[in-house]
Amino acid sequence: MPLLSIEHLSVALSTARGSFKAVDDVSFSVDTGEILGIAGESGSGKTMTALTLLGLLPHGARTAGKAVFDGTDLLTMSPKKIRAVRGRQIAMVSQDPATSLHPILTVERQLTEHMRHHLGVSRSEARTRAVDLLATVRIPDPEQALTAYPGQFSGGMRQRIAIAVALACEPRLLLADEPTTALDVTVQAGILRLLQRLRTERGLAVVIITHDLGVMSALADRVCVMYGGRMAEVGPRSEILSAPRHPYTRGLLDALPHPEGGAAELRPIAGSPPSLGNVPTGCPFHPRCPHAEPGCSLDRPELVTVAPGHLLACPVDPLARPVLEKTR
Amino acid sequence: TSTSAPTAAGSGGAGSSSSSAAGTVTSSGTLVVDTAFQLKTADPGRMFEPTGLLIDHAMYSTLLTFAGDNVKKPVPDLASSYTASKDGKVYTFKLRTDAVFSDGTPVTSADVVFSLNRVANLKGNPSFLMAGITVTAPDAHTVVLTSATPNPAIPFIVPNSALGILNSKAVKAAGGSDDASAATSDKAETALNTKSQGAGPYTLDSYSTTTQVVMEANPKYWGTKPKYEKIIVRNVQANVQKLNVLKGQSQIAVDLSPAQADGLGSSVQTINGASPNVFFLFTNNSPAVSKVTSNPDFQDAVRYGVDYDSLVSLAGTGAVQANGIIPTMFLGSLAAGTGVKRDLAKAKAALAKSGLTNPTVTLSYPSDIQVNGLNFGDLAARVQANLKDVGITVKLAPASVQTALDSYRGGKEEMGLWEWGPDYPDPSDYLNFLPGQVVGKRANWLAGQSPALEALGKQAASTIDDATRVKQYTQIQTMMNQSGPIMPLIQPAQILVAANSVKNVKANALWLVDLSELG
Amino acid sequence: MAVPGARKRSRHRDLWLFILKRLGIGLLLVLGATLVSFILTQLVPGDPAAANLGQQAVEDPGAVAAFRHKYGLDKPLPVQFLTYIWNVLHGDLGLSQQSHRPVSTDLAEYVPATFELAIFAIVLSLLIGVSLGILAAVTRDRWPDQVLRVVSLGGVSMPTFWIALMAFYLLFFKWGILPGGGRLDPTQTPPDHITGMYTVDALLHGQWSLFGSAVYHLVLPGLVLATYTIGLLLRFTRASVLEILGNDYVRAARAKGLPERTVVLRHVLRPALVSIITVAGVAFGSLLSGAVLVENIFSWPGLGQYAYLSAINLDLPAIMGVSLVVAVVYIAMNLLVDVLYGVIDPRIRLS
Amino acid sequence: MSAPEPAFGADALITADALPAEPTAARRRSTSPWRQPLAIVGVVVVAAWVVIAIFAPLIAPSDPLAQDFVQLKGPSAQHWLGTDELGRDVLSRVVYGARVSLPLAVLLVFGAMLVGSVVGALAGFFGGWVDAVGMRLADIVFAFPGIILAMAVAAALGPQLRNAVLAVVVVSWPAYARLVRGLVLSARNSQYVISSRLLGASPLRALLVDIRPNVLGPVLVMAALDVGNAVLLLSGLSFLGLGAQPPLAEWGAMVAAGAQNFDKWWIGLFPGLAILTVVLAFNFIGDSLRDALDPRTAKALRD
Amino acid sequence: MTALVKVSGLCVDYGRGGARVRAVDGIDLTVSPGEILGLVGESGCGKSTLGRAMVGLEPAAEGSVTFAGSAVAPLGRRKRSASLRRLQMVFQDPYSSLNPRRRVGALIGDGVALGGGTKEAAAQRVTALLERVGLPADAAEKYPHEFSGGQRQRIAIARTLAADPECLVADEPISALDASAQAQVANLLGELVRETGLALVFISHDLSVVRQIADRVAVMYLGRIVEVGPTEQVWTAPVHPYTEALIAAIPRADGGGLLPVDLPGDVPDPASPPSGCRFHPRCPIAEDRCRTIDPGPVLINEREVACLVRAPADSLV
């Protein structure tokens, strides 16, 4: 059984203009020691998916489906129970290290408060552990760093501290929401290496969310591509990145500057991503899709297994279509 | 510095006693008097404000005094008797021999001379009382006051609390001085605000110009012992005074307006009399200031156009019409019913005669002060309405008292609504209203404009025989009521509200109430 | 570490420089405020001599001259102002024309009374306003928040003088559950002067019943005075807590599985306090304003009444003294707020 | 992944409602400030007072100055709100009071807004000594608690309604100056202004074309919030006797008259309620408007 | 080709007195018409500062910037001189670079009107410009918030185009955008250069993007330029160890699962830069002399590089 398995997860958010689905029928699973990447453009529901797992959705959000973690459904847990999971079992690192650490609490407090809460360790023990953690994430002079405030560190260091905070209670799953987007590539490389090391050394399961397919390629074992709140494609990294089947995945890769591809023209995907609640019917990608057929706008494509471990939601894909027809 | 703890029995000690039902503060020995403070100092030589007069009267004996509410006749205090010379210039006072100050020192003529000279030389607010008067002491128990001009008012002046007799030794020790340079060299005020140095029935216990003044009975007092061991005079706004006295948190409320005193019920006693303050209207007599108001016929139109009765009813129970400029309780006042009556026909005729058609005048008044709880603005509005009936348009020009005083004193107001409080309870104080005198000049009623009246005024100023004086002042006022730019309007009500437990409450025109007389 | 020790020390010096600079600006402001009030008092068309001398004395040139000489009014204006400043620097605020006492003595008596009231009110407002504000924020858009919104807007909309009147009428006159006015019962003797605040002095002397009475007398005026600031702080706390609740670091704190109480009190309230403190500082100023209106009704012998009387009586030295105190209080409040900022927010301390 | 079909259909927008409802889900407030209950209440109350003020002679049962009735009578069928110490009808006076307070409050807020905005805009845009002088002046005014300064100004100019209005303007403008300066300062360095400047816009044009529309909204909201304060300050001054003078029917002065007669509660209660309702109504409106602003400007408004 | 923009010895300071930061320290650079110059470097190295100084938004502490032969005067309280109108800038954040309260048509029309164009001319230009950046004509009637980030960035570009720029400084114009919007904007800029022959300074922290469109690239480190040269050469054969590290750190989206190489340490505080070569504390090939000697630019393989170790021995003076 996978450590986390999400089945038909949907999240509806309510805004001033009414409610809409930010996440629509998403299913995936993560094993211990596995790194799953979730990719997609801005607004495709990546962050919402992660927040659902921690019960931290914005006010007024509603969910449907299941998110089974270690045998229990996170979505139906009582607030008290889910609080015991947060930080202890599932931890999260978010995009902007400048804002995700509390600016006016010391590093020590932020590193140890949940340790003491969840693990009930003494102050001095928590402190010793904190020093170890900071050393693990390669902060120079951890002792002194404990007494400092986040503002005294550079962006890369802060993200390392944020990771240390997430790791403090030895969680089994780490949700990393765009952990490197705000960082320079040179610093990003270091963080990616750190995550890789944690996975191999501690058997940590990681869900890494990013729109940077390069990061995906460097780290993830499996990649899930989301579009307009839905899953477009999920499969092993190498398949998704070197032989993408979904026109959207392909479009994303084409739009990237290719380090090996020479100075060829970038090929953007036509149009722009759907906005809040305005997800087109049928295949959400069809208005931008170069291969769209009339039927794309009618039926909502199902996820179909096109290769072992590789699922695809595209009605025009030759491999997906027959299966789709069969299931009807 | 600490003051002694309350000796009052039954006040339940310190703490939250005030919440309990009415009357807890009324311990046998303590009297609480509420008044809206007008208090700058307790030093008699510098004091001339109502609250100062109230407290200093209790702490300082004077040569003569008034009993109860009668201010027409001075009675002995430190002076057992006095004689006046025929020309009204020399007054000889015989001091009683048993009087002592609060520290036990006997009162001698030296103390009197010191005290009175000090008042004169301090050049403070009350100095004018001693203007033109020299004080000498032929012996230890005789004092002679000599006035440069005939001054029949002297017996009415010396009861003023400002002329309270100080313990000269103690005051000198505290930096006091009575010589010509006292205005700058006297340093006794602070000491006198801490400890009283008088021969009165009470002594000062604690003093503040904003919270309260506490007085204790003078154990060495030479006269009849006062009833209350301790008197607390608190600074409380009139509106709150009412609630306090009703709830038994105080025994006397001094400043209630008639409206506030209305319907208090039988749980308290209300002493309701006319105040010695006179509201009056004046029309500027100078054509340079106003062609309209200087017209004598216009003045008549105003005189007969004002509805005095409606003003009285506006001022509430206890208020009376000011029949003449001298208030009812003073010597020489006009009898009730002899004042000017409203006569619209006469007023209209006068206006027609004046040759003015639809005149418009500006009426100035101080808008930010009240006298006996009465707003000038309300009176002015009523006057405005009255004169409208005559055909005179009155524009109201309210101003702060400071601003208004300036133009009033400068004689620049076209028409003014003002008030006169007595400096001492003698009709001679009202000679100020005659042409060329202080108030007359403010209406530009200048010397020479009314020779008969002026001559009569001169005479009255030097007459000492009371019966003659009454006649003269009656004549003066009658003449003023017939013509001239000054129209006395009303005397508002002066109201004392006291708990029924307090006996012998009488309103005094000078010091509001004599605290030591209360039974 | 990004911040080597040597640089840290120089930053401490910078902090001191900052405080010194603020003090300097503060002094200039005080001077400016004094000048403004001086000019204002000169604008008054009335004459202080006329305002303070009796109607007879004012006719006497000798008395007027003596008065002018005593209060230095016979000198040219600039000289008067400079003399005033010079004297102030020597601790002499002049003589009050109303009380015939040194203004400094008067102020020493009245300022503590108002401070006692204002501090009581601000503490009350902070306790009530901040906790209700947090409640409103965490129940955002639900009924407690809606109710509190009306409550806070009601608080800032109450005419202080009117609520004072109504409270006085009901609580004292009708129901008699609170005392009428003044700082103590008339028969009680105030505690020996240490701070001038009766509650504090009574405590310092261990006079418990006196302390009780002083507090008992504080309640009504204090509450009335606090209505506005409670509303203000409630609304403001709600807004700043909401703003902070929207921050990533709060979500991060929740993601750590901390109890909601810890999140709100430690992660939200602390940063929110930074802005709450500023508003409380400003609110303290508005309490002084309110005091003018409230002290009158509750016979509270404080700065407000003194200011009012000075203004009415054109008591120039007293007006100047009041302005001086008020300006100094304002500047001290600002300085205090800055220092508290530093205590709460290391970003300010360290940068 | 063989779970049953999701319980909802294809269209995300519509079917989201089919999700299980969250028990505490509150209806999100609508974005338009004019659709909120409090704002509606505020507008209705203000409108009612405006109507009362305009048609005061028709509404008031008698002349507000006529001292024609029995004095100090409690509310009765003849005098719904009783009579005052001079025998005037309290209802009529309250009704006429709207003719004083409302226009004056609006006028003085407008004045303060105008003065403050000009000073603030100049200070913010030109910086340097213009800024220093303007803001130090504002600081000095801020250093006085509002009513104390207003009291001093009113006392200095003489107790008159006109002077009280002036005094309130004097103490109110700095708030606008600070707000506008802050907004202008941040707008001045904003990229859209810089890009206009790069295109050759003069500073003045940038101020008027690019910055003004971004400042106007918050300033108007502040003004809406300020009308309430203005009414309070003005009536406070009148209460102290430094504003409206008797016999003018002004609410603050009427409360003062009520204060003189504590136990005749109706004299003070009703004018006070009038003040309260007007202030509350404006605050309801202002607060709702502020909520509708974007958070950053709303913060600038609060500080 | 003559240089259109010439930067020589430029230093830019922030702050005053003790808190002074020299964000740009002695930079020489030229941009020619029709050329795209890429400017890359880590966050805080002074790219924006340099860009802003080039258009006159930051005054030079030392050195100078000239545009078409005349000095670029810093933007002051006066109107910018008409000749400088042809030197424009595009900002990173498409949200704050357009006035939220004005319609797109008015915003773009400004660009024309401020150059002295009439209203009608402006209206016509607006439609043409919108079309040029790939937006429908009815966009003119809308407000900026009705557009996505990429569209807004295109509107911002259209606005600068209204001034017929000869040189455009684009400060991270695509960093805030999604991958496909990035490509759209990058392509648009490239086309514009090709069509109109304007000079473009393209600032980015992402070398792989710069490589796609820039002809020449300048690599900045802590206020200095460490390497300038033709893009392809710099990319394939970096000389400076910093350039090398920068390229090695870029993850490749090829599904290969290769972890990029990290460069330890952070960019030092520009307020107290390291002695000698500024890169030496993080440099994998640093030698002792790097600690003390501040290397100047040396011509290596057709490009200017500031590195002691990599410089041929004879080039050292």
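Order of writing sets the labels: A, B, C, D and E. Residues in every chain begin at 1.
Throughout what follows, a residue touches a chain if its C-beta (ideal position, glycine included) is under 8 Å from a C-beta of that chain, and two chains touch if they have at least 3 such contacts.
In UniProt terms, the chains line up like this: A, E = Peptide/nickel transport system ATP-binding protein; C, D = Peptide/nickel transport system permease protein.
Here the structure is a predicted model, which means the values were calculated and not measured.
J.: Could you compare the number of C-beta pairs in contact for B-C with that for B-D and name the larger?
T.: Greater number of contacting C-beta pairs: B-C.
J.: Measuring between Cα centroids, what's the chain most distant from subunit A?
T.: B
J.: So how far apart, in whole Å, are subunit A and subunit E when each is placed at the average of its C-alpha atoms?
T.: That gives a centre separation of 32 Å.
J.: CA centre of subunit D versus CA centre of subunit E: separation in Å?
T.: 48
J.: Averaged over CA atoms, how far is the centre of subunit B from the centre of subunit E? Could you give it in whole Å?
T.: The answer is 88 Å.
J.: Give me the residue numbers in subunit A that touch at least two other chains, ranges are fine.
T.: Where subunit A meets two or more other chains at a single residue, that happens at 59, 154, 157.
J.: Give me the residue numbers in subunit B that touch at least two other chains, ranges are fine.
T.: Subunit B, residues with two or more chain partners: 240, 243, 246, 368, 400, 403.
J.: Please output the residue numbers of subunit E that touch at least 2 other chains, ranges allowed.
T.: In subunit E, the residues touching two or more other chains are 266.
J.: Which of the residues in subunit A end up touching subunit E in this complex?
T.: Residues in contact with subunit E: 41-42, 154-157, 184-190, 192-193, 196, 211-219, 237-242, 251-253, 255-260, 263-269, 272-273, 275.
J.: Residues of subunit E touching subunit D in their complex?
T.: Per the stated touch rule, the residues are 55, 57, 75, 77-80, 82, 85, 87-89, 91, 93, 96-102, 110-111, 114-115, 156, 159-160, 162-163.
J.: Which positions of subunit D touch subunit C when the two form their complex?
T.: Contact set of subunit D toward subunit C: 24, 26-29, 38, 136, 139-140, 142-148, 151-153, 155-158, 228, 232, 235-236, 239-240, 252, 255-256, 258-259, 262-263, 265, 268-269, 272, 275-276, 279-280, 283-284, 287, 295, 298-299, 302-303.
J.: Residues of subunit B touching subunit D in their complex?
T.: Residues 238-240, 242-243, 246, 257, 259-260, 262, 314, 367-368, 373, 375, 377-378, 381-382, 398-400, 403 of subunit B touch subunit D in their complex.
J.: Residues of subunit E touching subunit A in their complex?
T.: Result: residues 42-43, 148, 150-151, 178-184, 186-187, 190, 205-209, 211-212, 231-232, 245-246, 248-264, 266-267 of subunit E touch subunit A.
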